[in-house]
């Protein structure tokens, strides 16, 4: 790829300029895939690629959008979800904000325990935490911040 | 359609409850068709139909979005366009707001004059005015309000 | 996004074209439940053309699998790409489902 | 959205599948200009499968028509549905273009 050009860094190196953009969407579940497709296109243009984009980013952000629309905004299409994205050569930063009251994000069960394995729900936040490198909430819990690094990070022993 | 139900009004009558929703998009021209498709879906679910939807609404709103992204926001993807929609049984109301300085919307040439017919540009606002029933700007011109009635309106003689 | 159903060797095969996510999972659920109601007992979902699956998509697979088992049937999965495999492993759902590499492998074992 | 090009009776026929709008008009323009560069002179754009056209789409048609005429060629349009016809009438561009009802009618007249 781009063999003809002199290469300062590895192939597919990201452009140097950080960039940021934002979307605001009505709480309509049909918009999740549309939004994800657009976000992935933008990240790809910024030279993010591979499983980190097609699995970690896509699923992690889709879960956050779904939770914001369903639980945060109670599926009320007049309520909006705001998505803020920052891209720099090292990482993607996504903030998803809903118009809800938030929730207690400290009490989360482990869906991989045998007694929960056949549950039909309860895997959303688990997937977000598994797929993203950093996950923070604001105090009340109606705003989630997700960070995904370009390269797989060494996970700290205690998460 | 819906023959089994007792019908208070004509077939395809709109639901009585007015509804409103909003979107905010980065200035990326690829998003225009995505947004239009979604807006048309919502209007269709609200029982708008026919040429008023597939021609007047689609083209009129697409022009407003394009102008907001291109002229208002100078194609800067970090700048956003806000779309606010109100639906009621009689009409669709759309406001498109950009982050630009606005413009003098009183000086517009007529693209149908023979001397302009072969111009490659200058038809956007003309189409908006031709296709929409009401068009207003805020004072500076970075916010356009478009109204389309369900049924064709009698145009006032002086517009 | 669409779900194509076909019948092969007595098995109802569903192709998931696009994503299986919260926005469209009801459609898959309804399709499979209709077939179950109609007497079908062997089901195979083929993910060859699937982009991604979210937690709701996984949930619907768990729920369908349970409902089919209750009727004495079985739900198998096939053609998960690397991303989808990782997803099933992360959630340990790879232990719950019969996952075949190919459609043929899934069909021949039924 | 896509633009399919084919050659029929010495005419380059372009099918506009989807919308012809500000987001994709450059693609159509480039396709036609490449053919013009390659020596083609007769062009037909078929709108059978076109959803809508915006002012930028109309602009690109005007610009292509001019460039083709300058090279001694001609651009014709065919299969405009009612909405698209209204659009050309509103802008009076129906007076600028040779618009045929069907592809056959457009081709036979060239």
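Order of writing sets the chain letters: A, B, C and D. Residues in each chain are counted from 1.
Everything below uses one rule, namely that contacts are C-beta pairs under 8 Å (C-beta built on N, C-alpha and C of every residue); 3 or more make two chains touch, one makes a residue touch a chain.
This is a predicted model, so every value here is computed, not measured.
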TODO: List every chain that touches both subunit A and subunit D.
DONE: B
Task: Between subunit D and subunit C, distance of the C-alpha-averaged centres to the nearest whole Å - done: 45
Open item on the list: Can you work out the whole-Å distance between the CA centroids of subunit B and subunit C?
Closed with: 42
Task: Centre distance in Å when subunit A and subunit C are each reduced to the mean of their C-alpha atoms - done: 25
TODO: Send over the residues of subunit D in touch with two or more other chains.
DONE: none
Open item on the list: Among all residues of subunit B, which ones touch two or more of the remaining chains?
Closed with: 30-31
Task: Touching chain combinations (by label order) - done: A-B, A-C, B-D
Task: Residues of subunit C defined as touching subunit A within the complex - done: 1, 18-19, 21-23, 51-56, 58-60, 62-63, 66, 82-83, 86-87, 90-93, 95-96
Task: subunit B - residues contacting subunit A, complex - done: 19-26, 28, 30-31, 34, 38, 41-42, 77-78, 80, 82
Open item on the list: Looking at the complex, which residues from subunit A come into contact with subunit C?
Closed with: 29-33, 51, 54-55, 58-59, 62-63, 66, 70, 111-112, 117-124, 126-127, 130-131
